[in-house]
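Both complexes shown next keep subunit A, but they swap its partner, so subunit B is in the first and subunit C is in the second.
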Partner chain A sequence: MVEISQPVTQSHAPQKRKVASEGLFAWLLVGPAMLFIAIIVAWPLAETIRLSFMEAGLGGEEYIGLANYADLADSRKFQQTIVRTFYWMFLSVSLKLILGLIGAVLLNAAVPGRGLFRVLVMPPWVIPIAIGCIGWLWLYNGYFGVLSGAAQAIGLTDGPTEFLAHKTSAFYSAIVTDVWVGTPMVTLFFLAAMQGVSRDLYEAAWVDGAGRWYRFRRITIPQIMPVIVSMALLSAIWTFNSFEIIWILTEGGPRSATTTLIVDTYKVAIGNYKFGEGAARAVIIVILLAIFSLFYLFFLNKVNKHYGVK
Partner chain B sequence: MMDRYTKLQMVGIYAAITVFLIFILLPFFEMFMASLRPLEHLFRSPYQFWSDDFSFDAYSKMWETVPLLGRYIFNSIFIASMVTGLTMIFVVPAAYAYARLDFPFKNASLAIFLGVNMFTGAVLLIPLYRVLRTLGLLNTYWAMIVPGVAFLIPTGIWLLRSYLEKIPKELEEAAYVDGASRMYTLRRVVLPLAVPGLIVVGVAVFIGAYAQQFLFAITFNQTRELQPLPAGLYEFIGYQSVTWNEMMAAALVGVLPVMVIFLFLQKYLVAGLTAGAVKE
Partner chain C sequence: MATLDLQNISKSFGAAQVLHDISLAIDDREFVVFVGPSGCGKSTLLRIIAGLEEASDGQIVIGGQDVSAAHPVDRGISMVFQSYALYPHLSVFENIAFPLRVQKLPEPELKEKVGKAAEILQLTDKLNLKPGQLSGGQRQRVAIGRSIVRDPKVFLFDEPLSNLDAALRGDMRVELSQLHRDLNATMVYVTHDQIEAMTMADRIVVLNGGRVEQFGTPMELYHHPATKFVASFIGQPNMNLIPAVVKGTAEGLTVELDGGHVMTLPVETGAVHVGDKVEVGIRPEDVTLGADGLDISIRVLERLGGASITYGTIGAGTRFCASLPGNAPIREGENMALTIDPAACHVFDAKGDVLRRQSAPALVA
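After this line comes the complex of A and B, so read on.
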């Protein structure tokens, strides 16, 4: 018995040492990245939370408890901003998903030239958002933009239409641009997911006489459902956070018509130097995003289980 | 066969693709057309779809009107390259650890990294401004590089990890059995095998870094000579008399570097980015 137990303990000891050294080695590798994030993201986040309890500006700081939050809770303007942000997000994400799905189906169709089409869809995602927005700024211009020009040419309007100068049209114009920026990425992921669906499934259905629409509804959609859910929630986070598009097109105007939570926070904190009030808004954004993410993980798990994905 | 379309269906598909592409490419087309028109024709009313004197003048004149244009483009490329280099230095070891090693708090720490993806710099600007001021980095290239790196590390780790997981483990184990140290194995065995993945992730990070310069530049940098292209052009809009045709020409020239990179590598890039979306 003694002879047997000895080799067992011998083989255990180095394994244990290996695990311990593996943990240390792994943290040596992860450590620098973690430290960097801690300084540049985590610490400023903690600082934001602290500032949100302060009356803070260029002059100095003074503790005022929950006053910043109380002000926000009372402010009708802030409530409108929240509602507007969610409406902005809902509309924009829905459009991105619908267009992304249509785009992916089109680019997945076995027609000559699809390789080229796939490349041509990507530029809005590749170039800096700010530069794409300069193009849109031009398109929306009443005097030299093609949209207003075309509307006049076919007799829809009499004079030039300034898309960004009126509350309603500015809001929807900003959404169109946001959709334009976000659609390529969604299309790309849907396309990749569709290509991952096994051909056998389609062939079996085809042999049984199932039409295209039926195959799309009963095979494609369920098979790519986890990716659809992923993209829906990721787009929601990105759209919620979208700043540059609105800032370049309208700076949140006219009369706050395009001011979302992010733009509002930027205007208050950076534009008006009200650091404390800005920080309180930022904390609310972080809380909303955290709720989103939890919701996302929960939902994704459910979908994956339902469709039997590991 | 199953994939065959009738003539009518083909026409429908091409028509739909055309509409889709018009939406995607319209701003680029419009920018290009605007860059070709002489300035006085831009403001003609009523709107004209076609001018008879298109010219490429704007593309040569813009370098005089915006003397810093070359500098802006250089700054954009420089900042994006530095961000990419630094990000990769942080990402490669970390991604390897997440792909291969078991260690305490592995899942928790990965969740923290991915949590960073939820934020944009916009909510952290005030304290970030103070951090950069404390470190003495305001109004330098670093003011734009450092936050850029922080917000790209998570994506980088995520993408490279899934790539590294696909490299067979046996090679590392063989090197290990032969007595190679962990560091040696990582440097001499894993990294050479991961070169295609490193390129994909590097290019994705570069494109991200090129795209996200605007916010940090307008907030943390007041030095005009250091401004990247998007911020430089944005400032240009504020001038009294904007020479729009030159501005459009400048914007198009400015995105050329990143478009060229994308066109050369798009096949690998698209495959690498969407790897997580496809079931194995």
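After this line comes the complex of A and C, so read on.
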């Protein structure tokens, strides 16, 4: 027995050492990234969750349990903010997807100067958001803005129209700017996906007598569906979190007409120094986005399976 | 089914002319293969027939009707693509049914047609699967199924087997030949593989540089190649082409091959004169081991069991390949003498055109 077991032990020992050293090496490789994530994501998240159970301000902290959450549940204003946020997100994302799809189809068409148009679609996305928004502030200005001036020139309005001063127009103006900023990227993703569709599929359908609309409906859309789903859900998350555009244009006003969850959280936590209440709002945002992310992964997986994407 | 006539077809892409005045008459229910090297224009010609490319000049007549300006769907053709062009998001059933859905065929008729095609192609149990779940051969069959349901006058195949491995390609060749017999259809098939061309075609069109080198049956092309290009393209291993000098033109053509071997070949001498340079074409399978004859030093020997393929050189280094019996008593590094039957030789003039042979093996159908 000894004679047999000894060689076996000896032959396994170097292999075990090798496995152990490979494991250590793997941890060394992922270690810095994990430490980095812990510092910039995990710790702030844990701290936010802790803070959401506190009444915290500049003067100090006091544990109040779920009181912040209970207040939010009872707050009609907060409920309106949630509804407004989802409406903002739904409208903006829908427009981005529709315009992005139309833009991609046009840019994918074999027309002269296509390359130039592809470059021209980029600026809204490339220009820093703050600078773009300042441009829009001028466009929306009642006295100096092009839009108000054009409305007066063609007789639509009698006097200056301050687009950002009225509740309804401010909300939709902010959406237009958000769509302006977000559409180019959606367009480029759709364009890239369309260019990845095999030309043979279109030619085969063309030989079979399928018209332009039929080919778009039965080939293009299904072929780029995984990208559409990806962009819809990612765009929804980005639009949900969109802060700079609203803040620069309206700071959430007038009378909270453009206050979304993220703006509300900022106003409460940073503007009013109510860190505990702000943290509770932030936690709710994290939960909503986590649900979104799970939905995204689940839905994307299903779409990929359905459309034969590996 | 229908005849297909190509009349003076030319095609240019900008300044580059890729097809030069091509005229072909393809009979009803014929299986014609366009073969040639990459860039010879065979796929372009097929795409012009399909209507995917417009000819710069010339007419396409299918079943007696000029379809040169017609939409692909109105030409009565269907096409199988090299990449299969299957819709990955649709089931096998929906892929095959696609042309019928475009035509808005009533559901019962559609199901019957798809079912029939699936039965012919042995895909009945695969109808609910997606293309990604099929093997290469099965995908190819789905693509063919999509062609069949349209009941076209002419089937067009664009290198349909080139994505398959060698074994599967062999099986599919047999299946396609069988399919041609079953459907009794006019088929035009593009390939760069001369074995596919030889095994499947009723007639072969050999294209080179956008021009038709020769249009004939496989055996015509093998035994009576019109040009040096056809001679070297058709046949496996390739025909040996040996530089030679004309020594006499009385009673056939007397030539001195590279290496000094002198032969009199039974060909019509035409415009060739004594002292002219020609090339003598000898197929590897047309030589036998002999006591004297062409002297070859064997560089590489491939024993395939049934045959021994030997690669060597003659004269001033001209390469020569011989296909000998599997048990031929030869070894690498040795020299051997090969007997050549003069009647089996082909002679090409300086332009590459063949000198007509006075006698040649009888052609088989």
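In this section, the second predicted complex is superposed on the first by the 286 of 310 C-alpha atoms of A that agree within 3 Å, B and C clash if a C-alpha of one lies under 4 Å from a C-alpha of the other, contacts with A are read in each partner's own complex, and residues count from 1 in each chain.
In this section, a contact is a pair of C-beta atoms (placed from the backbone, for glycine too) under 8 Å apart; a residue touches a chain by one contact, two chains touch by 3 or more.
The structure displayed is predicted, hence computed values, not measured ones.
Because the two structures share subunit A, they can be overlaid on it, and in that overlay subunit B and subunit C fit beside each other without clashing.
After overlaying the two complexes on the shared chain, residue contacts for A:I287 are found with neither subunit B nor subunit C.
In the superposed model, A:F117 makes contact with subunit B only, not with subunit C.
When both complexes are overlaid on chain A, the residue A:A70 reaches neither subunit B nor subunit C.
When both complexes are overlaid on chain A, the residue A:F243 reaches subunit B alone and has no touch with subunit C. After overlaying the two complexes on the shared chain, residue contacts for A:H306 are found with subunit C alone; subunit B is out of touch. Contacts of A:I127 after superposition on the shared chain: subunit B is touched, whereas subunit C is not. In the overlay built on the shared chain, the residue A:A109 is in contact with subunit B alone; subunit C does not reach it. Of the two partners subunit B and subunit C, more subunit A residues are in touch with B. By the document's definition of touching, both partners, subunit B and subunit C, reach A:W206. Of all Cα pairs spanning subunit B and subunit C in the superposition, the closest are 6 Å apart. Shared contact residues of subunit A, touching subunit B in one structure and subunit C in the other: 203, 206, 309. Residue ranges on subunit A touching subunit B, taken from their complex, read 19, 22-23, 25-30, 32-34, 36-37, 39-41, 43-45, 47-48, 51, 99, 102-103, 106-107, 109-111, 117-124, 126-132, 134-139, 143-146, 148-150, 152-153, 160, 180, 183-184, 188-189, 191-193, 195-196, 202-203, 206, 227, 230, 237, 241, 243-244, 248, 262, 265-266, 269-270, 275, 278-279, 282, 285-286, 289-290, 292-293, 309. If you check the complex, the residues on subunit C that touch subunit A are 50-52, 71-73, 77-79, 81-85, 87-90, 98-99, 102-103, 130-132, 146, 150. Here subunit B touches subunit A in the complex through residues 2-3, 5, 10, 13-14, 16-17, 20-21, 23-28, 30-31, 33-34, 42-43, 45-49, 76, 89-91, 93-94, 96-98, 101-104, 106, 109, 112-113, 115-120, 122-128, 130-131, 146-147, 149-151, 153-154, 157, 182, 207, 210-215, 219, 229-231, 233-234, 237, 244, 247-248, 251, 254-255, 258-259, 262-263, 266, 270, 273-274, 277-279, going by the rule given at the top. Subunit A makes touch with subunit C in their complex at residues 198, 200-201, 203-210, 214, 218-219, 222-223, 225, 306-310.
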